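Both of the next two complexes hold chain A, though its partner changes from chain B to chain C.
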Partner chain A sequence: MSPKTPNTSGSKSQADLIYEAQMRVKSRFAIGVAISWIVMLMLLVFLFSSTNIALGSFTLKTIHLDKAFIQENIAFIASGVEVTIGISALSILLATFLALLAALGRLSKFPPIYAISTFYVSLIRGTPLYLQIFFFFLALPQVGIILPGLWAGVLALGLNYGAYMSEIFRAALSSVGKGQREAALAIGMTPGQTMRRIVIPQALRFAIPPTSNEFIAMLKDSALVSATGFVHELMWRATKVGRAQFHNLEALIVAAVFYWIMTLVFSYFQNLLETRMSRGER
Partner chain B sequence: MAPIIKITNLDKYFGRIHVLKKVSLEVENKEVVCLIGRSGAGKSTLLRCINFLEEPSAGVIEVDGLQVHADVKGNKRRQMIHDLRIRTGMVFQEFNLFPHLTVIGNVMEGPVTVKDMDKAQAVKIAEINLERVGMTAKRDEYPNRLSGGQKQRVAIARALAMEPKVMLFDEPTSALDPELIGEVLEVMKTLANEGTTMLVVTHEMEFARDVADRVIVMHEGELIEQATPSQLFSNPKHAQTQSLLERYRSGKSAKQKK
Partner chain C sequence: MKKLFTIISLIIVATLVLTACGGVPKAKDLLTEIQNRGTIVVSTDPNYEPQSFLNTKGKRPADTKCPSDTLTTAEMQGFDVDAAVEIGKRLGVETCFATPSWDLVTAGSWADKWDISLGSMTIKPARAKVLYFTVPYYYYDAVVAVKNDAGITSLDELSGKALCVATATTYEDWLNGVLDLPTEDILAQPPANVTVVPLDTDQECAQAINVGRTDFVGYVTASTVVAANLAQGFPIVQIGGPVYRERLAVAIDKSASLPTDTLLAELNSIITTMHADGTLAQFSIQWFGVDLTQEPK
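Up next, the complex of A and B:
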């Protein structure tokens, strides 16, 4: 926030001086962090520069990448970014919906509802995501459901993340105090209205930061969907060209760079979101 | 005229603890009744049983002609509790404003959601009630921008907007900083003068003395004494009442010495 209104006498108040000193410490720290990041980034690039430095009898070797291959195929791999973001966005929507249902079920006093919720969470958390993804490709056609590859992937990722995120939503729902429910009931709202109009809106606010965190994790877990061979996202494209031309390492590193960039971009938005939400303090 | 609140033989147990012991109480229309007593005496529980935020174990609650027995079951029970809550407005110690809604949004919530009123009319009703508690200027603020006293005034407006037959106050000033208590009591005094029926659980003896038509003393789940404030404060009969008022008097004289 901006410092207090400037002193008309021209001399700075004690509060201003303290504030400025704190700002100086903060910005010095930020500059230090930025420089260190740049140095580490340069080291990382150097690691892949294919330069060899002879130090007497010892040679420092770095990793060799075929630049011509990268230039030729980067566009092909990059066009998977859209699919990766798309599949993650759809999956997080499904996961949010399922997580909310599972969390509400978990709070239910009706045994079958509570059981469905805990059974779902237990089953999904008890088996690997990789396996679940295959399950939907292999099992659904047997019962006559043939989903396009993308949708089977979304279903698997959504169900999986929904189970994990149900804990987030459960915590979010119980973060809304008992007094809120009582106030709503006291003005004559039904339990359903209380949930919809008072509890869930507040719980969602609480759940947004951890959910965006899950989304960032999902961006990378969506790579597992490539294993089925039907969803042409980032990872699938990288393995395809890499294998075909015996340049697996190059292809994977290109994909890694894109994953990292996506994560950086979404982390930036996540930070914005969190600062904005912390301002509207609850 | 029939009493507007009539409680008959109300029993409440928390597990094996007998919190309310066959309490019977009547409040007349436009009457202001203050419930005083030590903490743990059952004052808040009694108040919260009236709108079934606390489920009575036995007995009958009647508000404005609607009789609800503690043991009524099923859909009928749900409907009756709902009707009971529409007839009563409640103000909580901790305000419990909805933090995701603006001041006017808080006050409109009941009329819009519960009474299915259209927005324009709900805004009008909300504005009238914010005016009554002197909070018109803050209508578009969110609760976190308000002081405790302001929050409580908005909470009062929120309850009033439902046009309840009686207002229940559960220690409305106990969570407030001392300098903010006055503004809330002032609003409550105005409501009392306007003829609002009020049942107030409070530790504010001065308010009870100045505003109440009747003061009831509770002790260990029973109503042990009731009288007009002038009678009760000048001539308390029960030993518990005497010691309660004694503490109040000594507290007041200590304040005056400062």
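Up next, the complex of A and C:
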């Protein structure tokens, strides 16, 4: 046996071998998942391929889609994507702002503010979003506020998601240890400074991943805004061309594909964001 | 924190109040307002080919005066659309299309979101409580269509069956036995004990039958819709003749914030002229293949 020498070249150390074996398991798993995804995607496409396969006396039927209609109208439906993203982005901004206010209100020791916050969350979470969208469209004009359809939709979505997100923010704020607040107060910070400089920056790390999750949910809930008929987003375009030309199914499937692609893209960004936010963890 | 919260709340309230009070000074009536604006906002339901449907190839012109949540004439097509564009021309203004859902239009209280409805609306007393109607601009019949292999050949055989209608339409009223049209326009009584299935539009009824759903045997709709469904190759058949006549007119909201009498008079005179000079008849032949603008005898 040769004397033990540092392993600079040639044969690998035991640690390297174990590490490589673990990596192989990992990449084999990833490849397996990717293949399964592709198989499922192909099965899904096959389901809509309108082919009929005869197996003896039994025929396997798949769903028929009119390809000419899809080609004809895909560009028109697709032009709703930017409206959908626009509504969702504006609504999530409003929702974030309201959620932060409601969460801070929830931590307040002053009864009316605590009450406003809990009342808002209870009222909004206690009624359907679909109903709220019609409420802002129909009720506000009676007091002289005539918002364009888009803004009525943003207001409804923002208020609704704000109520749900306030719970996320509240949990994030209370996840910052009591010691942090006490320490900040001890070195002479005012409660406002403590909030701004100590609590909120740390709370954001917990709040951002679920907030981006809410954004992805909102991308799809924005479809409800089409109900009043004034916001020409993805769902509105799909239902209108589908109905008038008797191809609802094709039009809705085109919309579904776009919603899915949007979700995939935003989930990817969410993953990047989460990885970045978790870098601070030890 | 308390102070911040109060300040922000005050800002929100102030913004809402200012939005409420803002806006340009109002004209003396809706007609003048439309002329000053240079646009007339017409509500129509783009769910129906050939009455009103989207022109998916159309591009919004850059110089349009239409509000951002309305569609321009380039983005729409159909009989109702051509009639609305022509009315706009004769008023000397650009026509813009708002696309609220049908039940919001028939309910009135439009909150000035659009000026007139030109969407094949049947004149009926219940609607006339909340809307003003012009003279009719065309006419068609309500008919019943069923799945072609349902084995049903007359209205009587429909008793006890389920029928589909669009919600907030005269078809729904007829099936429920509460249709309040002049008696000379009602040509048949609804079958007894039918189950009414109200969907968003008539098109859902036709498509449900086409894809093989069996929740109802048929649907009640306009003869023009049945013709369009048949042209599409749907497995349906019309049973019996017309069940009632529909007189379709332009409507104006009674609760509009400006006086509407001058606009109504102007629209009546424009529609009468469009009947007399053959413009409406020409649109009708172009879109339906027949002239539906003559008053039925």
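To be clear about the criterion, the second predicted complex is superposed on the first by the 271 of 282 C-alpha atoms of A that agree within 3 Å, B and C clash if a C-alpha of one lies under 4 Å from a C-alpha of the other, contacts with A are read in each partner's own complex, and residues count from 1 in each chain.
Definition applied: a contact is a pair of C-beta atoms (placed from the backbone, for glycine too) under 8 Å apart; a residue touches a chain by one contact, two chains touch by 3 or more.
Please read these numbers as outputs of a predicted model, since none were measured by experiment.
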Touching partner for A:Leu150 - first (chain B), second (chain C), both, neither: second
Partner chain(s) touched by A:Thr211 [first = chain B, second = chain C, both, neither]: neither
Residue contacts on chain A - larger count, chain B or chain C: C
Touching partner for A:Gly179 - first (chain B), second (chain C), both, neither: first
Partner chain in contact with A:Met189 - chain B first, chain C second, else both or neither: first
Touching partner for A:Ile198 - first (chain B), second (chain C), both, neither: first
Intersection of chain A interface sets (partners chain B, chain C): none
In the complex, chain B residues that touch chain A: 51, 53, 82, 85-86, 88-90, 92, 94, 96-100, 109-110, 113-114, 142, 144, 155, 158-159, 162
List of chain A residues in touch with chain B within their complex: 177, 179-180, 182-190, 193, 197-198, 201-202, 205, 280-282
Chain C-touching residues of chain A, taken from the complex the two chains share: 72-73, 75-76, 101, 104-105, 108, 110, 113, 138, 141-150, 191-192, 195, 227-232, 237, 240-241, 243-246, 248-249
Complex contact set, residues of chain C against chain A: 1-2, 4-5, 8, 16, 19-21, 46-49, 53-54, 56-57, 67-69, 71, 98-101, 104, 109, 111-113, 201, 203-204, 206-207, 210-211, 229, 232, 234
